[in-house]
Amino acid sequence: MNVAMHLGLLRTMLLIRRLETAWADAYFQEEIGGIPPALSTGQEAVSAGACAALEPGDYVFTTHRGQAPQVARGLDPKRIMAELYCRRTGYNKGKSYHVTDVTRGVIGMGGIVAGQVPVAGGMALAQKLGRSDRVSMAFFGDGASNEGAVHETANLAAMWTLPLILLCENNGYCVTQPVAVAVKAVSIADRAAGYGLPAAVVDGNDPLVVYDAVAAAVARARAGGGATLIEAKTVRLGGHLAHDPQSYRSKEELAAAWEQCPIKRMRERLLAEGLLTAEGYARMEAAVEGEVAAAVEFARQSPFPEPREAFDDLWA
Amino acid sequence: MFDRRLFRPGGPVPQREREWPSFRGAINEAMREEMRRDPAVFQMGEDIAGASPFGVTARLVTEFGTERVRDTPCSEVAVVGAAVGAAMGGMRPIVEFQFGDFLSVAIDQLTHQAAMLRYLTGGQVKVPIVIRLPCGGGQGAGSQHSQSLYSWFAHAPGIKVALPATSMDAKGLMKSAIRDDNPVLFFEHKALYRTRWPAPAEFRDPNHVIPFGRAAVRRIGDDLTVVATLTMVHHALAAAEALAKEGVSVEVIDPRTLVPLDTETIIQSVRKTGRLLAVDEAYLTCGIQGEVIALVTEHAFQALKVAPRRLGNPGVPVPFAPPLEDAVLPDQERITSAIRDMVSA
Amino acid sequence: MFDRRLFRPGGPVPQREREWPSFRGAINEAMREEMRRDPAVFQMGEDIAGASPFGVTARLVTEFGTERVRDTPCSEVAVVGAAVGAAMGGMRPIVEFQFGDFLSVAIDQLTHQAAMLRYLTGGQVKVPIVIRLPCGGGQGAGSQHSQSLYSWFAHAPGIKVALPATSMDAKGLMKSAIRDDNPVLFFEHKALYRTRWPAPAEFRDPNHVIPFGRAAVRRIGDDLTVVATLTMVHHALAAAEALAKEGVSVEVIDPRTLVPLDTETIIQSVRKTGRLLAVDEAYLTCGIQGEVIALVTEHAFQALKVAPRRLGNPGVPVPFAPPLEDAVLPDQERITSAIRDMVSA
Amino acid sequence: MNVAMHLGLLRTMLLIRRLETAWADAYFQEEIGGIPPALSTGQEAVSAGACAALEPGDYVFTTHRGQAPQVARGLDPKRIMAELYCRRTGYNKGKSYHVTDVTRGVIGMGGIVAGQVPVAGGMALAQKLGRSDRVSMAFFGDGASNEGAVHETANLAAMWTLPLILLCENNGYCVTQPVAVAVKAVSIADRAAGYGLPAAVVDGNDPLVVYDAVAAAVARARAGGGATLIEAKTVRLGGHLAHDPQSYRSKEELAAAWEQCPIKRMRERLLAEGLLTAEGYARMEAAVEGEVAAAVEFARQSPFPEPREAFDDLWA
């Protein structure tokens, strides 16, 4: 691990945070309507760390909270934002809220909780059948872990030794439901044993820890060792969707969660270790702000799709 | 006609609508009254105790507690199954889906278990469940949160299907649904939740129900019959109003339930008008629109003056971007122009 | 017309049928040829390597090994999902369900993932999968093993639907299905598996395919058009044969694929005959029969001499006991009497 | 445990075996057609032992291999057989292969593998909401354990402390697929920990052992302690369905499995312990044969349903 990588992870997290904040602003200013933004605020370390362990040719399958891995895999913020603004220049040409860039191995799914998990298993199967050493990674939440789709896929991945990383982003909530209410087991990762899969529970607010766990799982998968279940424990700092006032959480709980903010933690550590200066951070922030502002501008300037385009792209 | 503000708080209520019950409040009230009346009625769903996305279950937990207003995990197969089993055990569960599309993960529990178990056991069990399914597009909610899939459930035997278009119907049909001893799917168009509609005095009567299988003739007319459901009822009424000024007299029929379907009222109307337009947000192929056309053609062929027509989603997912979404769903304008074509044919 | 011997070995093949390819053998041959031609084609399903219930995948594992003929666990969601993902990754999976009804547990993976992902991604991915679905009743297999649910999948956008009725079509349509870049549901009527049908010489040509969207006119006639699929094609042909002796000339059209549907051929036929009977085992409400009636009524209203009619399951689960099952499904006799009614009306 | 109970369990197992053999005979003699019989041959101890631990008001939800629990819960062999012969006098009036007697708490399901499991959870919920101390038991197979429905229900049962017994009848096969191929974990019961549920793995060919495990789970459930997952390891001695020649199993494997025949084991033990004599066993067999013959006779003499009955019983 080198300094550039540490700084890169911090920058990625910052870009996720600010891009999403801009998206939420667009919603609150009624520049966009429809389903409200699903932000990863507080969870940026999971995507930043996990995606840093991947290479070209690997695939990630995202959830409804999908902007973090998009940014972490290097998608163009302009075209992400254009999609969220429903513009034709968006990655999906205005067809969906779930940004996809197949060239960078990001398949945006997430309309149906856990629906992406079986599909990720299938991509892993194709990778295996194609004799490549590439891997697939399915993001899913603590809430999603209770869907049958996850169970079936975990077992199938074990049975077929698929190069799959099942990355459970446990942010403590399924909308308003705390994970402790929905899952009586000590941890979601405990379920791996029931499939004969290796598992790890990691601090999801430290991108380096996430990186290490995912890198180990990726190495195992590339070597033909099959699937791994990783539970990254993290915090959701915002509401479920942007409009959610979180009346079901106490001030104290939220304050404690903010102490875990992965950007704050990483920044403070890098400052303490002397790897980053206050000016360096300010420059980083300014650069990120500039990138985000350009993305918003690009989205605003982009045309909406034409009505007739509604009928394109259904059939291959 | 309906805004795209999905989860946003509504603006101030216009003066004349103050007295009118809201659509979502009507469903809430129906459920509350029935839960008071019958201790067997209880609720299951994701986030229904606290803050369900459309607020239809608001404050029920305060009165009935978390045992009867049960938050579930994200496990729709287990939850629909739990409703089936609980219903066989004497309870009357109501299940909320946050978006009706999600029922797609639990179809087997609906069509093979809830709907078939009575038949398969030779009538030994009954399965009185209500599944509430927010549906419909025009809300910028994306392809997997905007469908109107009731045609599927009219196809599969053993399931009743309710489609309320006004506050009065929402309340009265919900009460019938809860009292029904069969599985009922209750489709709630998302664009209707915040709307308010004038209601007669019986709206307040906790004993007043609206029976299944009786269509509402929303507007009387002579030249053409529109059969429409949910928001399309209101689009059709607006079209009819506009066309009246052109001297075209349109009858608008809202079936209110698809199973059972009040074929009689529809056929009588077409016998009078000789023209039929079926309008729905549903995908067209094998949709409810074609079903209505087939029924009328079979039973009132001689009465038809021109070929019946249908409007609906021509067969693409409901796209995310508003201009695309508008291109796909029927609306007042498309209804108006179809009617103009048909009466001048 | 078809026996109820489901999994029993067939009796001796009658002399004149010896040369005719069997229906299930035809599907097997199509898959074998395509697996030879294209290494991306592979199979997944329960017990397909060894002893799949209807033997359609027989001996494929010997030639292609367990990597390309993969037995799966009882996890249909994961398996359909695996097909979707593998297809996006460049493979061309074929999935077998032991009975098509079981797809009910994996509908989301089909309609929201397989069928929508191309659209949602703005055309970035393609999902070439074939799902094989044994279907149909009359086999004493019970309500959850006897359905014909293709109307649902014609309703949902993005899915092609093939319904072969003869060995030739089974082979040619399967080859088209495998080569198609979209999700295809391939419905195989269980009663057809052991049947044999005469086939032209091209049957043996590994390059011969039958394109989707072209109906087969199975019999030419002047008085009435029957649109029928699967076993109903044969019931209709037998009815037509019998009626010919009474001087009634019946045209029988087998659409072969529902999506895309060859509306043109059907409409042309009705323009000629003026009478339409749509027959299918599907549940009637919102079924393919009503869809055919609606299409014809919209497009050839003037040509219709009498009200079109439809036959199908009137709306109960397919029951277990043979006399009950026979009461529910259309057959030659019911087709004959409907036609008699219509031509004498 | 007393002698009468031991003998009763043996008799129950014998009745299951012989009733099912008669059913298979009817199929082979082409008295009945359609879907071939699914026999519990080799697995009788699971149902016999498990149902002995239940009381009136408890419910069992059966699989496609459902005759064993029907007999074990005391259903009338005549009406079971009549249903299998598709007669109007059958419990389900000829409507289904999955015999139900709601008065004895047997809900016949099983057309859809694992479909009964969520429904059993719902009955357990009704029992809990109704403040009774009754319990529900879902039978399911090793193959079914890989369905999402089982996962979701197990988690829900843990979350809601449902009085549910999840009884996995692991007969080693899912049609032709050995459980060791489909499940890489050491045991299916291992999955319970991932839900925070207690579990047990028991010898499913000893009805007393099954009884003890189920009785403990029932006691816990009645006392408000919630659900238990029990894996009963057993053997399938016949084919998946009656017509299956089992070409995928070796002679040696089958011979070893037959050594585990629960009837043989129980009979030999009772003989060895002096609790049963050879004559006593012969009398028991004769009585069972008589009962089965009467059931077959009843079924044969019973009328088929009338065609119009196809349209009854759909709506309540």
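Per-chain residue numbering starts at 1, and chain names A, B, C and D are given in the order in which the chains are listed.
The rule is short, and it goes like this: contacts are C-beta pairs under 8 Å (C-beta built on N, C-alpha and C of every residue); 3 or more make two chains touch, one makes a residue touch a chain.
Just so you know, these numbers come straight off a predicted model, no measurement behind them.
Enquirer: Could you set chain C aside, keep the rest fixed, and say what connected groups are left?
Expert: Apart from chain C, the chains cluster as one piece.
Enquirer: Distance-wise, how many Å sit between the C-alpha centres of chain B and chain C, to the nearest whole number?
Expert: Computed value for the inter-centroid distance: 32 Å.
Enquirer: What is the distance, in whole Å, between the centres of chain A and chain C, each centre taken as the mean of its C-alpha atoms?
Expert: 41
Enquirer: Please compute the C-alpha centroid of chain A, do the same for chain B, then give the distance between them in whole Å.
Expert: 36
Enquirer: Which chain D residues sit where two or more other chains touch them?
Expert: 92, 94-96, 98, 111-112, 115, 146-149, 152, 155-156, 159, 181-183, 314
Enquirer: By the touch rule stated above, which residues of chain B touch at least two different other chains?
Expert: 73, 75-77, 101-102, 104-105, 108, 112, 119-120, 143-144, 157-158, 315-317, 319
Enquirer: In graph terms, nodes being chains and edges touches, is this line, ring, star, complete or other?
Expert: complete
Enquirer: Would you pull the chain B residues touching chain C in the complex into a rising list?
Expert: 77, 101-102, 104-105, 107-108, 111-112, 116, 119-120, 143-144, 149, 151-152, 154-158, 259, 282-283, 285-291, 293-295, 297-299, 301-302, 304, 306-310, 313, 315-317, 319
Enquirer: Can you list the chain A residues touching chain C in their complex?
Expert: 59, 61, 90-96, 98, 100-102, 107-109, 111-112, 115, 117-127, 129-130, 136, 148-149, 152-153, 155-156, 159-160, 312-316
Enquirer: Which stretch or stretches of chain A touch chain B in the complex?
Expert: Touch list, chain A to chain B: 32-36, 86-87, 92, 94-98, 111-115, 143-144, 146-149, 174-177, 181-183, 241, 243-244, 247-248, 304-311, 314.
Enquirer: Using the touch definition from the top, list the residues of chain C that touch chain D in their complex.
Expert: 3-8, 46-47, 50-51, 71, 73-77, 101-102, 104-105, 139-145, 314-317, 319-328
Enquirer: Name, in rising order, each residue of chain D that touches chain A in their complex.
Expert: 146-152, 155-156, 158-159, 181-186, 188, 190-197
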